[in-house]
């Protein structure tokens, strides 16, 4: 049998954390009902805890405790527990068995001691108890400090410090123009904006051509119907409308058309006897 | 005075400091083990005077006493922190489109960009103070239309939107490269018509 | 001193009074318009001294500064306050072990206590904001290691971990070293003495 490992493995002492606040002293075993010992054991934070408490009863200074008498106390404590609940106390029994072994080793003649020696085992136990004792004491001192909410208090209703974050966006003139160029490059065909432009409608061309035809019986070139002084855009429109108007007048028998060759000048004149509109 | 404050003064300080609400003299008295009210009043007066030159003041408001920050330190409680952030590519594009085409609706912006524009992008531009809603377009649905602000001009150092370079200038500086063929062809045609910049330079409207 | 406090002192008072949390020098500096940190330190020292005799104290906890009531005024204030939730013995012990050994893994805590630590115990400490995971130990299994927080220091009134009660003595006597190390040290020592077991376990004869 070896020394119980120092935690975290399957061979751990394995006691349970007691969540209750008060530390039940040894006196708790003397409590009335059947569950007294069960409760008392549950009050300990495992066998090491119980050992530490027993050791404390021996002497104030943990360095001076007697492991042998500690073992005796532990074993007799468990012996006295007649109504021990085994499943709860398994860890305690493991510890008891180990301590019994340690005790017999310590008492045996020294000639054929195995390794590690019982003294080494005892030293380890000793060191562990010291460390646990030190931490328990430290915890007590820590809890006894001036604690916020118990001994000292913070401002009841602080106004609070506020940091308003303000984002300043950064973009340069170049980025802006570049972005527009990018958009244009990417998507220009998708946008068509129709602009107002000066045009000659078909109706006004009809009026104009037929009234001008009424003035003479001679052939006139279509080009002569263009409004004087019109700009290029209007001239284009007037040309197209006048051409359609000439076709319409010819269709309704009010004018006749002539063209000597392809792309040659288009001429038209009033049909004799036709009434101008 | 500060060397050895009276114990009543210290108790008052602690009580008023830790209190969640302003306290009346009665509340203070019961708090401090039924202290004498006249003494309390004296102590409060002493403390008021003691704290008068400091960053925190003891004040009475509607018969209740409390500590508060000295009025001239109040600005310290609020700090504005400026952080610089670069405008995202999407936001820059939207801003550019608004600048060149304003006023435009969101649908129009999207049709120009060819991508959907998240509402957050416009929010950022409005938060930056560069874009603002400028009424509604009188078409079905009456969409909100957006325009740039004077702050926009100021940020970019522009006297007016006319200062934005036109398409010709963009091309000259290579900003329209690489140009798609269809796009180029169309632009060439509209140049013949003499109204090339119609789309590009908003200043002609 | 109280007649004409420096304006930095007043600003500090105001900011620390209004703050909802303890503030570091850096936070104070940035809040007070990038004040000089050396000057801030001087001013904090001045204020600490100024408030020392009073009912509220300026204290430093884990590099953070805050005002709190003087400990000896506690009895006046406790009345109205619900007392702290009592920690279980297991929790106080685990907290002490973490504080004195940090950073420390759960297995190390258990090896000191000799019992398994229920998850709830660490949970309670983390919920209180006193303990937080602090990475992993680079050993097989990479266990999570735990450490205390600035809030822990603040709650227990510690300027830093160096102020943990008795920590110097515990360190000097090897109480914070693992059992194995202490064991080896003791064995080595007793071997030197040529009287191995006798010294190590003086109690058994």
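Note that the chains take the letters A, B and C in the order they are written out, and that residue 1 is the start of every chain.
Note that in this section a contact is a pair of C-beta atoms (placed from the backbone, for glycine too) under 8 Å apart; a residue touches a chain by one contact, two chains touch by 3 or more.
None of these values were measured; they are calculated from a predicted model.
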Nearest-to-centre chain - CA centroid comparison: A
Maximum centroid distance from chain C, chain identifier (CA atoms): B
Approximate Å spacing (C-alpha centroids) for the pair chain A, chain C: 31
Averaged-CA centre spacing for the pair chain B and chain A, given as whole angstrom: 26
Averaged-CA centre spacing for the pair chain C and chain B, given as whole angstrom: 41
Shared interface positions of chain A, touching two or more other chains: 153-155, 159-161, 163
Per-residue overlap in chain B, given as positions that touch at least 2 other chains: 14, 17-18, 67, 69, 77, 79
Partner chain A, residues of chain B touching it in the complex: 14, 17-21, 67-69, 77-87, 89, 91-93, 95-97, 99-100, 111-114, 124, 127-128, 130, 156-158, 164-165, 167, 170, 175-180, 182-183, 186-187, 193-195, 198-200
Residues of chain A that touch chain C when the two form their complex: 6-8, 12-21, 23, 45-49, 64-68, 106, 117, 119-120, 122-124, 126-128, 130-132, 134-143, 145-155, 158-161, 163
For the chain B and chain C complex, residues of the former touching the latter: 1-5, 9-15, 17-18, 31-33, 50, 53-56, 67, 69-70, 73-74, 76-77, 79
Residues of chain A that touch chain B when the two form their complex: 153-157, 159-171, 173, 175-191, 193, 195, 233
